[in-house]
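Here subunit A shows up in two complexes: once beside subunit B, once beside subunit C.
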Partner chain A sequence: MRKRSIVPILYILFLLLPIYWLVAMSFKTTNEILGGFSLFPQVWTLENYRVIFTDPTWYWGYINSIAYVSLNTVISLVAALPAAYAFSRFSFLGDKHLFFWLLTNRMAPAAVFALPFFQLYSAVGLFDTYLAVALAHTLFNIPLAVWILEGFMSGVPRELDETAYVDGHSFPSFFLRIFLPTIKAGIGVTAFFLFMFSWVELLLAKTLTAVEAKPIAATMTKTASSAGYELGLLAAAGVLTIIPGAVVIYFVRNYIAKGFALGRV
Partner chain B sequence: MTLELRNVTKRVGGETHIHETTLRLEPGEFNILLGPTNAGKTSLIKIMSGLERPTTGQIVVDGTDVTGLSPQKRNIALVHQFFVNYPHMNVFDNIASPLRVAGLPRDEIVRRVEEAADILQLRPMLKRRPDELSGGQQQRCALARAIVKESKAVFLDEPLANLDYKLREELRDQLPDLFAGRGSVVVYATSEPTEALLLGGRTALVHEGRITQFGPTAEIYRAPTDLTSAQVFSDPPINIAQVVKAKGEIRLSDTVAWQATRAAAGLADGSYTLAIRPGHVSPEKGGANAVRISGEIRITELSGSESVAHFRMGESIWISQTSGAHPYRVGEIRDFFIDTTHCFYFTPDGKLAA
Partner chain C sequence: MKTVNNRAWLFVLPVVILVAFNALVPLMTVVNYSVQETFGNNLFFWQGLDWFQQVLRSDRFHAALGRQALFTVTILLIEIPLGVVIALAMPRKGVWVSVCLVLMALPLLIPWNVVGSMWNIFTLPDIGLLGYLMNDVLGIPYNMTRDPVAAWATVIAMDVWHWTSLVVLLAYAGLISIPDAYYQAAKIDGATPWAVFRYIQLPKMKRVLTIAILLRFMDSFNIYTEPFVLTGGGPGNSTTLLSIDLVKLALGQFDLGPAAAMSLIYFLITLLVSWVFYTLMTRNEN
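Now for the complex of A and B:
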């Protein structure tokens, strides 16, 4: 083994260690976890996973999370695509400032918005719905989507638009049939990041839901407090929260590098 | 169709891109817009095609004002310098795109696409995607999309500029035939004078947002009406010098002067700007009208069948271009002969005098 590969290997080991520990824990019984140090499960058990897949309070957490995350991804993309097109193709008064201002929205801590959202959504009857969390997450996801998409769109020459118009395409026809397929890699990358940010966000999701739309992360914390330390169960739940992200990464793995290369991700 | 620009101008921000321009293009003509980069060729094409609105003036097609009409409603075709195809469609769908939008029946689309593909030798590539094609094939695909539509006006914005030499020659030979006999107005922008001469047709010389001269290509090459036109339509750049006419004699410098003959004989005494194409400055004395000048050779270019020498005479650099290989050496002082029958004389404000 050459010397220079030692550092990356150590780095990857350190990165994977907590994940390995989580996966190992999920196959142990809580007693074993608390009992002492063990690299591998002494007694393999699938009991933790069985509980999650059979107990509605657990699996509904996943369904709720996936529901509002998907809803948020769709809303953010639908709103961000025209906006990004405008930023990429037109120049208008204050366009650069507006573009930067969009980005500053990402710098606002979610905690600042938790209370006003809670009050507002309670007042209009949105509290504890998928839409509530999905809308709240657009606060930081739409700016992110506009930012990434604008990079991809600016990579498409204006001549493509002109060619389509000359060929007779109306604007909607051009946008849906020519332009969107052209930047589908960018849309994939954007969707991935929207999905991830909405999936890992906990504060807003927890504040704006109670029972009906409770996200998996909230379920996890509540279980921990009510039934003592069920560490094996929690670890299994943790493993299952990683899986959707891993699946999405697998689908967009070829495009992510392109997104990074554009300097927007 | 007849395409007219009437008093068209284009200003963007504080800058004038196109100065007041009036131009009339006849159906079936191959029109060339010739001018250096940034002269306004692309702006003119965008205005003519409706992609951009002129600031003032009108676009008139067959007597109808179409100034505000969007390009979608104009039945035109456009090919860019960069190979623009729809990347997610295969070649067949790319070529078929304008026909599908127009809502033609399926068998008609297939027939016309295959016909266009045959003309441009794209038959074997119909199932491929643009990124699987070479540059030349991509541009042929774009050209096929332009001809399949059988539009009234076809705009070609330096379509060959990004192709390699061999492909460029090949496509250039095909181009005039592609559009001949279709009765459509063809507008072809290029920055290469040689290309304009090879294509023939009619040429409009564009310089800094103005059309300086418009007419049959060979004719305006032979007879520029002003100094700018002569400069735009010359490759290598035309030689320019200040001369004085007095007592029936044209004087170029203290030592170089010759008898004014032909049209030059009729010039009034005074200062003129002389322009002579590099092709008429030769290292060999030819004919009675050859006048000897000499200069120090600075740069030489040998292209097999042609020799080009840049030499310094006084303050200015002159260029000579002759057929055959001449053994120039950089730094040597050498005699050249200018053919005074091919000199243009311009008045100080740039108008052709003789």
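Now for the complex of A and C:
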């Protein structure tokens, strides 16, 4: 038993190395970074972080990202909950084809659709809004949400539904007061994956925004190319993008492994 | 048994409308471009299937497709076995489970361009940790921006770093669903560890591994942001994978027709491979 724990330990070390390097860089001055190799920062500086927290183009990037990611999580969940219920409880005309069609939307290369997305959202007047990015991300998030939720819902015995109707609940009352609380762990896991995939996606988010809703990741790409070679600043911005994800993982740590496993595909 | 109820369509309708809006309109736009020629000014001319023939015959497409196939096969051959080995070696109970899961999930939650930037900083010759270790400690010349082999190795290492955890999480979820009784029975029969793996653990992981392979296939075939930020497709064209080539064609040269034809061919390849694989893996079920 002891001997085999070396494998996960080595793997985690491998995962942490680049992250450590990013964190170390973020506390170094530009001079030190370009001056040569040092494993630990020689002079600790918070200057890189100060720049980010005092410059609106930087900190608004974070606010924008969090805004559209949250909006996307809510929209995807609200739409996917009844659909997942339908897939788990009823068979209906074309249900299997519909399910596969939903999944195929993960296969379309985002790079291919960037330009048509730009044209579509400009045409409907949503360009550069949180709603545009949130709606665009439903393309790959809704299929995922339906898939995970369906797994959790199928784990709930159908007797629960029947007993509720016998007790005189109407469908909305049963769904909202009894069914949703029963699968709240599943909703939590789903929200985690929705948050994750919307948070890490950049190509569509960047294409659909200009100024008002620009994500933090786009601000970073711009800085990387325009402001010369400010590696420390770039590293600090990178470190700050890891934090929301880390907080979310911490809350759902006991459910993550179950999330995908219960799906039906 | 599920009840047959066609009114269930009402429940599915919001999802269908949202996904159709996002999927069908852009897809039709791409189809539209793929059969027309444009000289700017929003003037389009009917072109038929010429672009498709041109793309299918072009050396550039073959080269990008070859690089893409090599990349996807390599990362699948590394990530899937590695993920299974790590999942098998993970603790089953106790506080370390949470610690492992949280640390392993970390790379999955980093925005893709940050992953690229992070590896860029990590591999800089002489001032990045990996670059320093290779060049100055181990004495192996390593410069990703000049040497195609180093660039390939780095792009692959980055993807393994980024996505193996997804395979680990899925495989682990499959493993913990195996009841203890199975292991006890195997012990009574005096099964070797290999037999336990081959006849108990692997069959139980088949479903989740199917999901893992499908997700890794689809996502690696569409990979764009991370290698673009890390290498920009270089040196030369050595790490120009399909999506990078496509964006160069569509937005760099504004060749919308060929780019649209290429993206449809590319989409169909992904769809076909996924479908064949999915059908093969699930044919014994039910």
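In the analysis below, the second predicted complex is superposed on the first by the 256 of 265 C-alpha atoms of A that agree within 3 Å, B and C clash if a C-alpha of one lies under 4 Å from a C-alpha of the other, contacts with A are read in each partner's own complex, and residues count from 1 in each chain.
Just so it is clear, a residue touches a chain if its C-beta (ideal position, glycine included) is under 8 Å from a C-beta of that chain, and two chains touch if they have at least 3 such contacts.
Please read these numbers as outputs of a predicted model, since none were measured by experiment.
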item: Partner chain(s) touched by A:Val189 [first = subunit B, second = subunit C, both, neither]; value: neither
item: Comparison of subunit B and subunit C by subunit A residues contacted; value: C
item: Contacts of A:Ala236 with subunit B and subunit C, given as first, second, both or neither; value: neither
item: Partner chain in contact with A:Ile148 - subunit B first, subunit C second, else both or neither; value: neither
item: Touched partner set for A:Met25, first subunit B, second subunit C, both or neither; value: second
item: Partner chain(s) touched by A:Val69 [first = subunit B, second = subunit C, both, neither]; value: neither
item: First (subunit B), second (subunit C), both or neither touched by A:Ala213; value: neither
item: First (subunit B), second (subunit C), both or neither touched by A:Leu15; value: second
item: Partner chain in contact with A:Val7 - subunit B first, subunit C second, else both or neither; value: second
item: Contacts of A:Val166 with subunit B and subunit C, given as first, second, both or neither; value: first
item: Subunit A partner contacts - residues on subunit C that touch it in the complex; value: 2-9, 11-12, 14-16, 18-19, 21-23, 25-27, 29-30, 85-86, 88-91, 98, 100-114, 117-119, 121-122, 126-130, 132, 136, 161, 164-165, 168-170, 172-174, 176-177, 207-208, 210-211, 214-215, 218-219, 221-222, 224-225, 229, 242-244, 246-247, 250-251, 256, 263, 266-267, 270-271, 274, 278
item: Subunit C-touching residues of subunit A, taken from the complex the two chains share; value: 4-8, 11-12, 14-22, 25, 33-34, 36-37, 39, 75, 78-80, 82-83, 85-87, 89-93, 95, 98, 102, 104-117, 119-120, 135-136, 138-139, 142-143, 146, 196, 199-203, 216-217, 220-221, 224, 231, 234-235, 237-238, 241-242, 244-246, 248-250, 253-254, 256-261, 263, 265
item: Subunit A residues touching subunit B - in the complex, by the definition given at the top; value: 157, 159-160, 162-170, 173, 178, 181-182, 184
item: Interfacial residue positions of subunit B with respect to subunit A in the complex; value: 46, 49, 51, 70-72, 76-78, 80, 82, 84, 86-88, 97-98, 101-102, 142, 145, 149
